[in-house]
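Worksheet for the structure shown next.
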Amino acid sequence: MREVIINPITRLEGHGKIVVVLDDAGNCIKAYLQVPELRGFEKFAVGRHAEDMPQITPRICGVCPMAHHMASTKTLDDLYKVDPPEPAKKIREMVYNIFMLEDHALHFYILAGPDFIVGPKAPKTERNVIGVIKKVGNEVALKIIGMRKKLRKLNETIAGKVIHPVFGLPGGISRPLSKEVVEEARKISDEAIEFAEFTYKIFKDIVLKNEEYVNLITSEAYTHRTYYMGLVDDKNRVNFYDGKIRVVSPRGLEYAKFDVHQYLDYIAEHVEPWTYIKFPYLKKVGWRGFIDGEDSGIMSVAPLARLNAAEGMATPRAQEAYEEMYSMLGGKPVHHTLANHWARVIEIIYAAERFRELAYDPDIESRDVRKIPTAIPDVGVGVVEAPRGTLIHHYETDERGVIKKANLLVATQHNAARIALSVDKAARSLIKGGVIDEGLLNMVEMAFRAYDPCHACGTHTLPGNLPIKIYIYNTEGQLIKTIERF
Amino acid sequence: MEKPKMALYWCASCGGCEEAVVDLAEKILDVINLVDIVFWPVAVDFKIDDVEKLPDGSIVASLINGGVRLSEHEHVVKLLRRKSKIVVAYGACSSWGGIPGLANLYDKEEILKYVYGDAPSVDNPGGVRPREKHVEEVELELPSFLPRLLPLDVVIDVDYYIPGCPPTPEVTWKALEILLSGNLPPKGSVLGASDRALCYECPLNNTKPDKILLKDIKRPHQVIVDPEKCLLTQELICLGPVTRGGCGALCIKAAMPCTGCFGSLDEVIDYGGKAVSYFASILDYYTEEDVERILDRLPDPMGVFYRYTLPASRLRGKIKTTMR
Amino acid sequence: MEQPRIGVYICHCGVNIAGTVNVREVVEYAKNLPNVVEAKDYVFMCSAPGQEIIREDIKKCQLNRVVVAACSPTMHEHTFRTVLAEAGLNPYLLEMANIREHCSWVHTDKVAATEKAKKLVEIAVAKASTLEPLEEIEFKVNENLLIVGGGVAGMTAALDSARRGFRVYLVEKKPILGGNTARLGRLAGTDMRGVDVAGSMIEYVKRNGMITTLTNTELVSVDGSVGNFKVTLLKKPTYVNEKCTKCGECVKVCPVEVPNEYEFGLTKRKAIYLPSPASYASTYVIDGENCTKCGECVKICPVNAINLEEESERIEIYVGAVIAACGYDPYEPSVGEYGYGLSNKVITLFQLNRLLDPEGPTNGELKIDGFVPRSIAFIMCVGSLNTTPNSYPYCSRMCCSSTLKDILLLKEKYPNIDVYVIYKDMRTYGRDEQLYLTACEKFVKFARFREAPKVSVTGESLEVTFFEETLGEEISIPVDLVVLAVGMKPPKDVEKIRTILKVGCGPEGFLKEAHLKLRPVEAVTDGVYLAGAVTGPKNVVESITSGSAAASKAVGLLCREKVRIEPTIASIREELCSGCGICVSVCPYGAIIIQIKENTRSAKVEPALCKGCGVCAASCPSGAAQQLKYKDIQLKAQILAATYKR
Amino acid sequence: MSKPVLVIGGGIAGIQAALDLADQGIQVYLVEKSPSIGGRMAQLDKTFPTLDCASCILTPKMVSVARHNNIKLLTYSEVIEVSGRAGDFNVKILKKPRYVEEENCIGCGECVAKCPSRVPDEFNLKMSNRKAIYFPFPQAVPLKATIDKEHCLFFTKGVCRVCERFCPTKAINFEQQPKTIELNVAAIIIATGYDLIDPSLAPLYGYGKYQNVYTSLEFERLVSSTGPTNGEIIRRSDGKHPKSIAFIQCVCSRDVKINPNCSAFCCMASVKEAILAKEHLGDVDCTIFYMDLRAFGKGYQEFYKRAMEEFNIKFIKAKPAKIEEKPETKNLLITYEEQVTGVKRVLEVDMVVLAVGVKPVYPEAISLEKNEDGWVKLRNPYLDPVSTSIEGVYIIGVAAGAKDIPDSVTQAGAAAVKASILAWGGG
C-alpha cells in the first residue's frame, strides 16, 4: 500500500492535508482530507457574557467575521426574546449584503479569477491577480480594488470594524447612522449596482462564451449529487440575512423546510478519527459514509446550494441571471461544483440590488435602532447565510446571560463531507496504475476553490499558487517520488 | 541587489491577520516591490522544505500570527526562528494568545469531550475522537492538540510585536516601514501602534468630567449610550484607558466600548491585572455588600479583562503555562 | 543607565542582629549577588566609624549604589542618605534591608534567620540596581497665615503668630469676634467672665498691626498646598459703617423681630441689632437674612451710617498655612426632649449662663416668670453618651465642671436653693475635682441615673423621674427649674469647611487630627492646623492652649524659607499619558490635574500636594504614573529577587 | 537672631516642646536628668484609646530630637541654678559623669554583656535586674552606656574594669568628672513630669505587703514585651497567669487626706490595661472598681464602651474598703459595698492593680509658686495657661496638672510658641 500526502494544502479552518492511498496496482483506493485545526470555541464560549459572543465568534474566521457577528447578534435577539426595531434590522441586512457583495467580489476576481479570466491552462506565472489585471486592464483592476475598498470602508464606519465588527447587540445595533453615512451608502449602492452588472458581463464574456470552460464546469469530475441547503424567504427566494432553512434533495424536490430552532431535528454531526473537522449531515437520512446520492445524508451549502435550495431571487436582475443559469445548465438542481462561481456572480447581483433597496429605504435614517431587552435569557438560536453557506449559532445561558452551552455549525463544516467526496473522487479518477496525473493538483485545487472562498480568499492577491506537495510512497512505505506544485 | 527575504506564517489564527495584510490594498504592491516573500502559506508557494534549505538567519523578518495550539505550529515557528534574523509576533493571538487563548480556561480533555461528544448536534455513539495516529488503510497522522494555547514568545524568542485583533492596515504599514528602515527599536518593542493608551486618540476623551467615579456597571446590551460621551462615564467597561492606542478608536466610534485588542502599554506588566486594578479603583463603593453586588453585575471578569491576553498573563488560565 | 556598582554594608547592631544572624555568611552571600562590587560588615554601621567605611568605599570602589542591611529605614535611612550625599552620591541611591525588625528580632532559629537575612539583602540589591537619582523638591513658603474662626482659640492662635512676626488674616463668619466663650458668663476658678477673656483678646487683636480681621466673612475656597495656599473669601455686608454712634434709634423703628441667638433665644432682637453687649460691639449691624430693606432705619439714622445697597465683597489672599478654629455648636435639645420647649422652666446650661451673666437678659438675676426658683435639677449628659436617641455617643468633657461652677455661683447668690445634680458619671477630671468636693460641701444633692430621666411638665409644675442607682429605686423630684447640661456638637458648617480645607473628620463629625495622641493640632493635610473645639469638646482653657499649640505648628512652617518634600512622590511620564483621568479620579489629595494642550489631555502631578501614597501608580492604566523609588519595575525586581531560588 | 530656650525634662511634653521650638529655628537645650529621654511614656506598653504601641510612636520623636540640628540634648544632666529674668535667664547645668565617652560609645552592648554586677532595673520598676553599666532601655536616646557608680565593682571595690577591656572603641573613662555648663536662654519650659504617690500611704490596699498587688505602672511593664517577663502577665508570688484581675481606681487620688485631685488619666489607663490583660491572657476576668469613670477625651467613651461590650470587662462602682491576702493562695480578697443594695461583698481575685495618683516633680533650682494642693500656680489660667508666675518660665505636661498624652503634647506646642516669641524678643 502506498500513500500520497499533500501537505499542507491551503487553510481550511487552518491548514489542510490530503493523503492518498494506493493499492498494490497503484490505483487510488481512498483519499483523505485531514483538517488539523481545532481551537475549542464552543467550549471556551462557556462562562462568557452572551453579549460578547458577537465579538468572540468572529474570531473563528477573520475572512467572514461579519457572518459570525450577524449570526451571533441574531442569536442574542432570540436569546433575549427581543425583536429589534425595523430600522435596525434593515441596517443590519444592508451591512450584511455589503459584506456578501465585497466578499463574493473578492473571491470572484481574485481567487477564482485567475483560473477563469486568465485561463486554467495559462502559464502559472500569469495565473494570479497580476494576470487578471493584464487581461481586464488597469482601469478595470482599479475599479475592482476601489469598489472593494469603498465597501469595506463603509462597513467599517457602520459596524465599527470590518474585520471583527462590533455594532451588533441584542435588540438592534449600537447607534443610529449619521446623515453623512446614509448619503455615502446610497452613493456607493448606485456604484455597486453598476459594478455587479459589469461583473456579470465579464463572467459571461470570458467564461460562458468559452466552450472549454463550460465543459469544465459540467465535467463529471466536479459533480456530486447531494442534498442542498440554504435560507429562503417566505416566497422561497434566496435570502442571506433571515428566513427559513430549506433543503432540496438531489432530485431537486423540497426535502425539508424548517425554522432554525428545529435545526437539531434535521442536522447532526459525524466524527471521524482522522480529522479534527466534524461532518454535518441530514439526521433523518442518516450518515452513510462518504458517498453521494439520495440515500446519503451529505448535503452541500454555499452559493450554488443556496440557488438550488431556493426557487428564485428576490431582485429583478438577479432573478434574470438565475433563470439564465438554470436554463443553460439544464434545470435544477445543478450538481456541478464549479457552477458555484456562476452562482456567486448571481449572488453578487442580488447583494448589490438588495444593498441599494435598503440604502434608499428611509427607515435607515431612523434613530430608533435599539430595544433594550427585558426578558430573562435562556436559549437562543440564530442563522445567516455566510458566503460559504448556512451558519448556525446556538447558545444557552443562565439568568445573568452567561453562556452555559454553545453550539456552532459553520458553513465549511456543512460542506466538509462534500469536499471530502471531491477530493476522493479526483484522486480516484486521476491516479491509476501507479501513474499519477500531474493534473491531480489542478483538479484538487479547482474543486477546492469552488467551495471555499473563505479559506483562500486572500490567496491570490500575490503571485503564487495553491501550495501542494505530493509524496508518493511505494508498497514498502518508502518515498519514491515527490511532486511539487508552485 | 537581492531583496530582503520575508516570511509570514499563521498558527491558531482566524485569518483576520492575513486579511488585514490584504487590506493594505494598493500598498501591498509596494511591499512586494520591497521584499521577497519566501514563505506565506496562505498566499504564496508553500515550501517548508525550501525554508529548511535556507541558511540560518537568511530571512530578514518573519511575521507570525496566531497562537501556538498544535504541535505543527510549534515545529514551524521554531524552524522560522532559526531561519530569521527578526521574528515579529503579528496580532493579538501570537502576542498574547488572543481570543482563542480563552480556551486555556479549560483543559484539553474538557474541550475534546465537548466538541466531539457533548455538543448538542454531535451524533457520536461510538465516542470517536480525532487521534494523533489513526490506522485506516494507512497510518494517518494529525498534529497533536497541545494541552494549552501558547503565545509565540513562550515557544520561541520574539523580537517585536505588532498588536491588534487584527492590526489595522495603518499599524501594519507603519510597522513594516520600521522593519524595512533598518533603524530598529530595542528588542521587545511594539511596532506600529501608539505609545499611549487609546484615550489619547479617542474623540470622546475630552468629554470626561474631572473625576470618574462609577456607581454602577452596565453591560453593553443593558444601555443605550450617548455616542458623543465617554463610554466609561456611562458606566460601561471601556478598556480604552488600559489599552494601547493606534487603532483610531474604531469600536468607540461605533458606540461600543474598547475591549482591549491592542493589549497593554510598555510599562504595564500584566494587562488584565492592570485593567482590573484601574477599573476597580474608580468604582465608588465602600461596603462589602456593594462589592458583592458589583461582582454580580460582572459575572465574567476573565472574558472582559483578559479577553486577548490570558495565556500571556500572570494568571495564564486554568492550565498552567510555563513562562520563558 | 550606567552599570550599577553596588556596595553592601551589613550591620551587627551589636548583638541585636549578629546574635541571631550569621553576618559573615550574609556578607559572603552578598558578594556574589549581581552588580555587587563590595560587601562588608561592621558592629554598628550607623556609628561614625561605620559611616566612614561607606564613605571611603564609595570613593575607592566607585560605588554608584549602596545597600545597608541594618535596622528599620525609619531609624537610619536619613543617616545613610547623608553619608551618600557627603560622599558625592545622590542620597536616593541608597536601599536599606531591614534585617533587624524584620528578621533578627522576630526569629530565634539562627540558620533560618540567616537565610532570611540573605534573601532580604538580595531583594535590596535587586532594587538598588534599579534605583535612580532623585532630587528633593522645594517651594518657597508664603509667610502669611489664615485663621478661620474668631473665638478664643482662633484669636489666641492669631495673637501668638502675630507676636512671633507673621501676618495673620483672622476670618470670622459672625459680625463680631469672641465666639461662644464670650457668652459663657463667669468662668470657673476665677472672677473673670467669658466676655472678659474674649474681650481682652479682642482688644489685643485690634491693637496688633499684624492681624487683619475680617468679620462677617466666609471661606469660599482654598487652593494650592502647604506653603502656598490661595484663599478666596466672601465678606458680607453689615450695611452699617463706622460712623455709627450706637445711639439705638434704628432699633426702635425696625419692624422685624427675630430670636436673639446671642442670648440662646431667651430674648428677641430686631433685624438691626448689636451683635454683642455694648461694651464689645463697635457698631450696630443688619442681619441681611431677616432684613426686609424697608428703609426705616436709613431714614432715622442721624449720622447716615446705614447703606442698604452695600454688597458682598470677594477677597483673595495668599497664605502659607491655615488654622481651622471653627469651634462648636451647643447641643440643642429637640422639643420634648427632657421637657425642653414645653415649658420655659426647662432651660439649657448655656441659657443659665446667660441668666447668671450681669450683662445678660435678666442682668444676672435668676428669675423665671418673675420668681427665683427654690429648687433646681441639673440633668447631665444631655446630648451626650447616647442617653437619648438624638444624642451623640461621646462625652462633652466640659459640662460636668461647667455645671458645678454654675451651681457654686448660684449657691453664692442664692444659698437656699435646693440643687439636685442628676448624673451618670461625674467627670471633674484633674484639679476640677475640687469643684466637686466644694459642691458636696455646699450640700448639693447628687443622684445617679441609669437611664435618661423623664421630665414631666404639668401646668406650672415640673417633676424629674428616674431610677436612682445608689438607692436602687425610682424616684421623683418636683422642682421649679430644670437645667439641661447640654454637650457640644460639631459646628453646623463643619462639612463645608472640611471640604474646602480637604481635612478629614471622625464619625461624630469633628475634624480629625493627623494623630490623635501625638499630633493633636495638625490636620492630615500638610499646612492645615486645628485649634479649639473643632476637633472635639474642650473647655475654654484647653481651647486657648490648643490655639497656641496650633500657632506653634504654623509658625514652625512659616519661618522656614522653603518647604522641602521628599521626592518619593508620584510622577507622570507625559509621553506615555493618555489623559484618561483615572489618576485624577482616585487621588485622595487632589494632587493631579489634567492639562489640555492642543486638544490633547495629559495628567500632571502637583508635587506640593502629592503625599506619595501611590494610588495613582496602582490605578494608572498605562503605567505612565509611577511612584518614584517604588516604580513597578523596581518592585518587580524585588519580587523576582524574592522568588528566585539561587 | 533668636536666643536659645531651655527645656527641662525629656518626656513626651519636653520632647514635643523642643521639637516645636527647633522647627521654629530656635536653639534648644533639652535637659534630662536620666541617661535617656523618653520619660514615662517610654515605660508604657500601649496607649489609649487607639492602642498604638507607645514606643512605636514615641521612638521616632526621640530619634528626631537626637537628629535635629537645633536641639542640644543634655542627658544625665540637671539644672542646678537659674537666675535672671524673662529674655535673659542664666542657667547652670550639671552634667553628671557617665564614665563613658559619649562620642566614642557606639552602643554595641559588649560592656553590658560582660559586666558582672546586677542591679535592680528602675525602668522595669525593679521587677528585673540590669547591669552596673547599662542602657536604660533598648530604644534609649542617646544609645550610650552609663556606669551606675553606686553599683559598679570598680567604684565600690576597686576591681573589675571588665567593661573597659571589652569596649571595642575605648569609650570607658573611669576618670570622667562632672561638668558644669552655663547657658543664657530667653525662656525656660518645665516639663519635669510626675511620680506616683507612694501607695503605702493608703495601707488598706496592701501594696508592698501583698505580693500580687501591683501599681498600674508596674502592670504596664508586665504586659510590655520589653518588660521583665517579656510580656507574660504572671504573678509575683508563684509565676502563674492570673485568672482574675481587679483594677482599683483613685488610689491616692480624690482622697482629701492624701490628694484631693483626680489624676485624669488613670481611668482610661486601667480600661486599657484590662483590655491588654484580656488580649494577653484571653481567659481572665477583669473587674474595674471605680467611682466615676472619667472617659472624657476624644474617643474615650467609645473605648470604655468597647471594654464593656467587646472585651466583657466588669465595672463596679465602689471604692473597696479593704484588701486582704489569702495566705495559702496569695489571692486577694477585696471587700466593698455593693452600690445598689448597700450589701457588703467580697471579691476574690488573683491579682490587684492599683491606679495610683500622681504628684508633680519640679526642678529644685526654680522656686515655683504653688497652690495649696502642692501643684504649680499659673499666672493666668485663662489668658496664659502655660505660664508660671515667673515671667518667661512655662510649665507643661503632668508637672502642670495631671493630664493625658494629647493634652501634654498640646501644652508643649503652646509653651513652645510663647517661648519662641520671647526668644525672638517679642511678647
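Labels A, B, C and D are assigned to the chains in the order they are written; within every chain, residues are numbered from 1.
FYI, contacts are C-beta pairs under 8 Å (C-beta built on N, C-alpha and C of every residue); 3 or more make two chains touch, one makes a residue touch a chain.
What you are looking at is a predicted structure, and each value in this text was computed from that prediction instead of being measured.
Student: In the chain contact graph, what is the shortest path length, in steps, from chain A to chain C?
Tutor: The distance in steps between these two chains is 2.
Student: Let me check something: if the centre of a chain is the mean of its CA atoms, which chain is farthest from chain A?
Tutor: D
Student: Between chain A and chain D, tell me the centre distance in angstrom, where each centre is the average of that chain's C-alpha atoms.
Tutor: Distance between chain centres: 90 Å.
Student: Any idea how many Å lie between the Cα centroids of chain B and chain D?
Tutor: Distance between chain centres, rounded to whole Å: 67 Å.
Student: Any idea how many Å lie between the Cα centroids of chain A and chain B?
Tutor: Here the centre of chain B sits 25 Å away from the centre of chain A.
Student: Nearest whole angstrom, what separates the Cα centre of chain C from the Cα centre of chain D?
Tutor: 27
Student: What residues in chain A touch two or more of the other chains?
Tutor: Counting only residues that touch two or more other chains, chain A contributes none.
Student: Think of each chain as a node with edges to the chains it touches; is that a line, ring, star, complete or other?
Tutor: Basically the chains just string along in a line.
Student: For each chain, which other chains does it touch, given as pairs?
Tutor: Touching chain pairs, listed by label, are A-B, B-C, C-D.
Student: Using the touch definition from the top, list the residues of chain D that touch chain C in their complex.
Tutor: Where chain D meets chain C, its residues are 12, 16, 20, 23-25, 47, 49-50, 52, 57-58, 60-61, 63, 67, 106-110, 113, 168-169, 253-254, 256, 260-264, 292-302, 305, 317, 339-341, 373, 375, 381-383, 385-386, 401-403, 405-407, 409-418, 420-421, 424, 426-427.
Student: Considering the complex alone, what residue numbers of chain B touch chain C?
Tutor: 195-200, 205-206, 208, 210-213, 240-243, 245, 264-269, 274-275, 277-278, 281-282
Student: Applying the document's contact rule, which stretches of chain C touch chain B when the two form their complex?
Tutor: Contact set of chain C toward chain B: 573, 575-582, 584-586, 594, 596, 599-601, 615, 618-624, 626, 632-633, 636.
Student: In their complex, what parts of chain C are in touch with chain D?
Tutor: Chain C residues touching chain D: 12, 14-16, 43-44, 47-50, 74-75, 78, 160-161, 163-165, 187, 189-190, 192, 197, 200-201, 385, 393-395, 397, 425-434, 437, 469-472, 506, 510, 515-521, 535-537, 540-542, 544-553, 555-556, 559-560.
Student: Can you list the chain A residues touching chain B in their complex?
Tutor: Its residues touching chain B are 1, 3, 8, 10-11, 14-15, 19, 21, 29-30, 32, 34, 36-44, 46-52, 55-56, 58-63, 65, 76, 80, 145, 148-149, 152, 156-164, 166-167, 169-171, 174-175, 263-264, 267-276, 278, 280, 283, 287, 370, 372-373, 394, 400-402, 405, 407, 409, 454, 456-465, 467-469, 484, 486.
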